Amino acid sequence: MAASKLAVGVLGASGYTGAELLRLLGQHDGLRVEALTGDRMAGKEIAEVFPHLAPQKLPRLVKIEDVDFATLDIVFCCLPHGTTQEVLRDLPHNVKIVDLSADFRLYDPKAYQQVYGHPHKAIELQREAVYGLTEHYREKVKSTRLVANPGCYTTTSELPLIPLLAEELIERDPIVIDAKSGVSGAGRSVRENLLFTEIADSFAAYGVGNHRHAPEIDQCLGDFAGGTVKVSFTPHLVPMVRGIFATTYVRMKQGVLVQDLQERLEEAYQDEPFVHVLPMRSLPATKQVRGSNHCLIAVHPDRIEGRAILLSVSDNLIKGASGQALQNMNVMVGLPETAGLTIGPLFP
Amino acid sequence: MAASKLAVGVLGASGYTGAELLRLLGQHDGLRVEALTGDRMAGKEIAEVFPHLAPQKLPRLVKIEDVDFATLDIVFCCLPHGTTQEVLRDLPHNVKIVDLSADFRLYDPKAYQQVYGHPHKAIELQREAVYGLTEHYREKVKSTRLVANPGCYTTTSELPLIPLLAEELIERDPIVIDAKSGVSGAGRSVRENLLFTEIADSFAAYGVGNHRHAPEIDQCLGDFAGGTVKVSFTPHLVPMVRGIFATTYVRMKQGVLVQDLQERLEEAYQDEPFVHVLPMRSLPATKQVRGSNHCLIAVHPDRIEGRAILLSVSDNLIKGASGQALQNMNVMVGLPETAGLTIGPLFP
Amino acid sequence: MAASKLAVGVLGASGYTGAELLRLLGQHDGLRVEALTGDRMAGKEIAEVFPHLAPQKLPRLVKIEDVDFATLDIVFCCLPHGTTQEVLRDLPHNVKIVDLSADFRLYDPKAYQQVYGHPHKAIELQREAVYGLTEHYREKVKSTRLVANPGCYTTTSELPLIPLLAEELIERDPIVIDAKSGVSGAGRSVRENLLFTEIADSFAAYGVGNHRHAPEIDQCLGDFAGGTVKVSFTPHLVPMVRGIFATTYVRMKQGVLVQDLQERLEEAYQDEPFVHVLPMRSLPATKQVRGSNHCLIAVHPDRIEGRAILLSVSDNLIKGASGQALQNMNVMVGLPETAGLTIGPLFP
Amino acid sequence: MAASKLAVGVLGASGYTGAELLRLLGQHDGLRVEALTGDRMAGKEIAEVFPHLAPQKLPRLVKIEDVDFATLDIVFCCLPHGTTQEVLRDLPHNVKIVDLSADFRLYDPKAYQQVYGHPHKAIELQREAVYGLTEHYREKVKSTRLVANPGCYTTTSELPLIPLLAEELIERDPIVIDAKSGVSGAGRSVRENLLFTEIADSFAAYGVGNHRHAPEIDQCLGDFAGGTVKVSFTPHLVPMVRGIFATTYVRMKQGVLVQDLQERLEEAYQDEPFVHVLPMRSLPATKQVRGSNHCLIAVHPDRIEGRAILLSVSDNLIKGASGQALQNMNVMVGLPETAGLTIGPLFP
């Protein structure tokens, strides 16, 4: 019954993560979209911004200041980092929030300032925030009113590593994460280097040695590793629209076998609906998860004894953004965790 | 309740249309998949053939002769043309069938023989077959046990033309259909000219002047046009995976205005869940329907007076194949026509 | 000997046609690049704008006003239309110019004003301009000081039609040109609809019924057809970087056979180094000419008697822009027409 | 003068490396193509196999046994590994050979047998073979009659590492090479996993932990490192046609700075026409070298002290195959090393 559905607002609905969230909400029986914001687009129908959403019945885009937050149960925030802090700081306390930006992911305001170059503007709210890698922070997610939804690189990198670090099967150093992303990870930014002509039939790295998400990975892994972790992390841009692929090189602790890694991961994720550990030496492709909330993990022995290679894939806009946001919200409001997220991958 | 679900078999589940059907069936509450066949793949799990389907619980692939058709209510046939006739001819009468091949689309066995180069092997069954362009043959689909599901080129070409020919707003000649298809239209055939290296960053025509689907278009349009129709039809291969785009050049009858075409189409499809007539001069893109069962139509005046240009787009594997097949089956068994087909387009 | 090389300036070298011209000039023994302009980029090395050109030794980008035109023999102008007129109007008379913009292509200033929405600002110069479809205006190109280089759509559309209209083998109406272009045809413009995420795995039309190049095609065909021509012309955007493909639907004159079209075209182009008529019913692909100055043409019978389909392909940045510009310049200064243009297509 | 040109045979001209070699030879003044073989294609014109080569005048494809090797000065061998040994073993001694297969790259027949699973069939010839990473084995290449041309992964991986290992600026372990290749690296093999539909918009690893080229890298690096080297090496498939990208993670020796690596590389390659060391922290893209024989190298500090990240790119079919083969042949026969290789990259 519509009356019992929770009322949802999406702030920053005119970007790709906003659009993807709306697609998923279109499959969700327990939530109804009540408010959409898009500052530069305020006043427009969503179909003018995203023609593919025309068949869904959705409210017109408005400015944030025109949203009546008292009528909302839930807010997904897809605003740019920086802006986000100021907006969320002032929201009424009854509203549950999943924030897809980077603003509330780092626990330590000093770390935030170092990475983002300015002081955090909502330090109190940051203290309430729970890091939303659902599979590993589920209990905390249940009881918070603000989830800091992890990024796509971090989700895909952390899922294979956490269980291995938590059980001390691998060394905390070196960990080399060589990550590759589809172009939608850059959002709908209109920049020369994101033109079709520049990207197609090409491959490049970026943010080498200084990508902003590396400290987030360190922090999350440190939560489980029994000590600090600092990873090598290199992101690359793949001429594809969606998908994240992480190739992670690890060194096993003395006496640990690759088979032990495999078993630990299988056990850790055996009851998870969205994280799947493939048989040893499998070769997952990003297209096997495109359009779905799944993450696939495969373990390989390295050719050098004592080392292993972990492969993990997900859809950067879903498990790496809007899908995990919805998964977290389901947990926060007590709905089935898979609600709205049962769509299978689009292949080919 | 599972017990009340209809039992489905998919013949030829190891191709792209089979896989897409299984994805859609995963979202359908009223049907359960009981049997999957794949001759060369018999004995394999579907996940070995299509890893992206691993998260769905599906039966193992078997040979057709090992299917107990008595237990099935419904069969989707995704076999190659030719083979199809022989298989379907022998199926028990209680089973309702949607055939995705070209085998039962042409009414006239002579026409079939001319196009396909051999006599039709199931002429009696062909007489029962109903052409499944759902929006225009819905009443016949309701009462048949065999639907010949139209192809992707034909669906996308016919939808904008039928209402205009039926109301005699355009001439029956010339009609020039310049059609462009994603590569998945060729199926999973392992051929040199379908390699990534050959297709990427390239564009070409094929089947110029003699494509097998042109007679199907003529026949269908003739059903509504009040006279025979023979179209110019040129298919092209686009370096994309999914999508059909038809650019159709028509000549209006004396005194007819482009606005009249627009109004006629809007009226014809106003209550249809899957066919959407966009505002005049709109520019639909295939990606706006990718992953969905939608077809978008736009009307444009030509720069030459008295002529108009029709644009129409759909996803070749959905409205052009498996989606329309499911839509037809919903109609045949009395389920809501949109069941399993509410997933929105995957964009970007 | 370097001393005998002609001095070249490239105005607007920071766009794709400028870059492509520089690549070709790198293979030309008789010309040396002396000046490069790029207004917003003035002061930069070309390698900052186009890293792939770093290995070539090229002058730094300057502003147009800082070019000493007295030292130049030749100018290629790759500026946007509108700006071009004002710049070229004031160039010294000794300089030979090939202009790649649309500014000097239309003979009639009124036609120009109608298409581009403002009066032409260099009407006297326009009278001197020669339309540079080299194969058909070669004699005029030899003796002019200003060539208006044709666009990519027009070159590819006109080459198969001119010999057939000139010999009255086909009707002047209807002529339907359904054209498809790679994305580089839009230049390096930073626009949302040209982002990789928007273009990839999608196909769409644009400028339907009112593209600015259609009057140019009419004018050029009219030069040969013995009467006015008005074509239907629809451009489309293909998810590829380079290439133009034209599918042209024509009606033959009474008694003319498709074989006659084939023979006429073979005869017309038999001695041309860059235009190749393939055997009847061939299927050229854009990738077969990518990176080269070639244009391939194929003739097909339509399935409707009395009609034929012409296919033609070229690289939009080469035969459709910079390659033909260099070809024209070779003709203007009396160098071998193929100088700098012998590089074969890059395949795959 | 044609009479003074050296006579070239290309064995296995019907694959992508063969075709690319022919494109390059079309720009070479000192060589003329006299014989082309293609076993399954014998009797065909090259234009039937590669339409883009039609404008070049080239001999018809024949079987190897029909080649008169006495008339040839030079042979490029593009045959599959295994076959190659048997063919080259029997060639007359006057012919100079560049072999593009893996057959003669490993010095040690035992290592060959271990990697390729069968004994080497031309052990004597293997002793004569020189590994053809031109920049580092140039003197040996000059005086041999058989060059074993390195593969694309290995060339791109080895070029940044050799000078650093030779000067003992980095540790010999760990060296992690995370490599990414365009699809043309797999040749023109007709395999399901190389179809456009499977590759497009997807990314995956393959050969993880056991790729056949890793021992070749070990051997080559060992030639310079003053000790054995064993690298971690993971190849990936990028949805692009051409290009190799290597991201290499190294640990610096005590007291060495990233700036030292930069200087060493700049010095090592300052006079090389095809290897370019970019300014520190540059971000090369594969498209910046596509279509050319260039390799670009960039040095980055890792975020972990004492470690560095090396980026290197090349075109897998040129510097990674046919271009380097021609470069080696130029050295072998005393022609300018850059002959036929001056074509700039095709961008965009």
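First chain written, first letter: the chains are A, B, C and D, and each begins at residue 1.
Definition applied: a residue touches a chain if its C-beta (ideal position, glycine included) is under 8 Å from a C-beta of that chain, and two chains touch if they have at least 3 such contacts.
The model shown is predicted, which means the values in this text are computed figures rather than measured ones.
> Based on the averaged CA atom positions, which chain is farthest from chain A?
Checked the centroid distances; the maximum from chain A is C.
> Could you let me know which interface, A-C or C-D, is made of more C-beta pairs in contact?
Result: the pair with more contacts is C-D.
> For chain C and chain D, what's the span in angstrom between their mean Cα positions?
Roughly 36 Å, centre to centre.
> Quick one: chain B and chain C, Cα centre-to-centre, how many Å?
The answer is 39 Å.
> Taking each chain's centre as the mean position of its Cα atoms, how many Å separate chain A from chain C?
46
> What are the residues of chain B that contact at least two other chains?
Answer for chain B, listing residues that touch two or more other chains: 16, 184, 197-198, 200-201, 239-242, 284-285, 287-288, 290, 348.
> Which chain B residues qualify as touching chain D in the complex?
16, 183-184, 188, 190-192, 194-201, 239-241
> If we count contacts the way the header does, which residues on chain D are in touch with chain A in the complex?
Per the stated touch rule, the residues are 173-174, 176, 178, 180, 182, 197-198, 200-206, 208-210, 214, 230, 232-234, 236, 238-243, 245, 247, 249, 281, 283-288, 290, 300-304, 307, 309, 311, 313, 348.
> Enumerate the contact residues on chain B facing chain A in the complex.
The contact residues of chain B facing chain A are 16, 19, 23, 26-27, 50-56, 184, 200-201, 241-242, 276, 284-285, 287-292, 294, 342-348.
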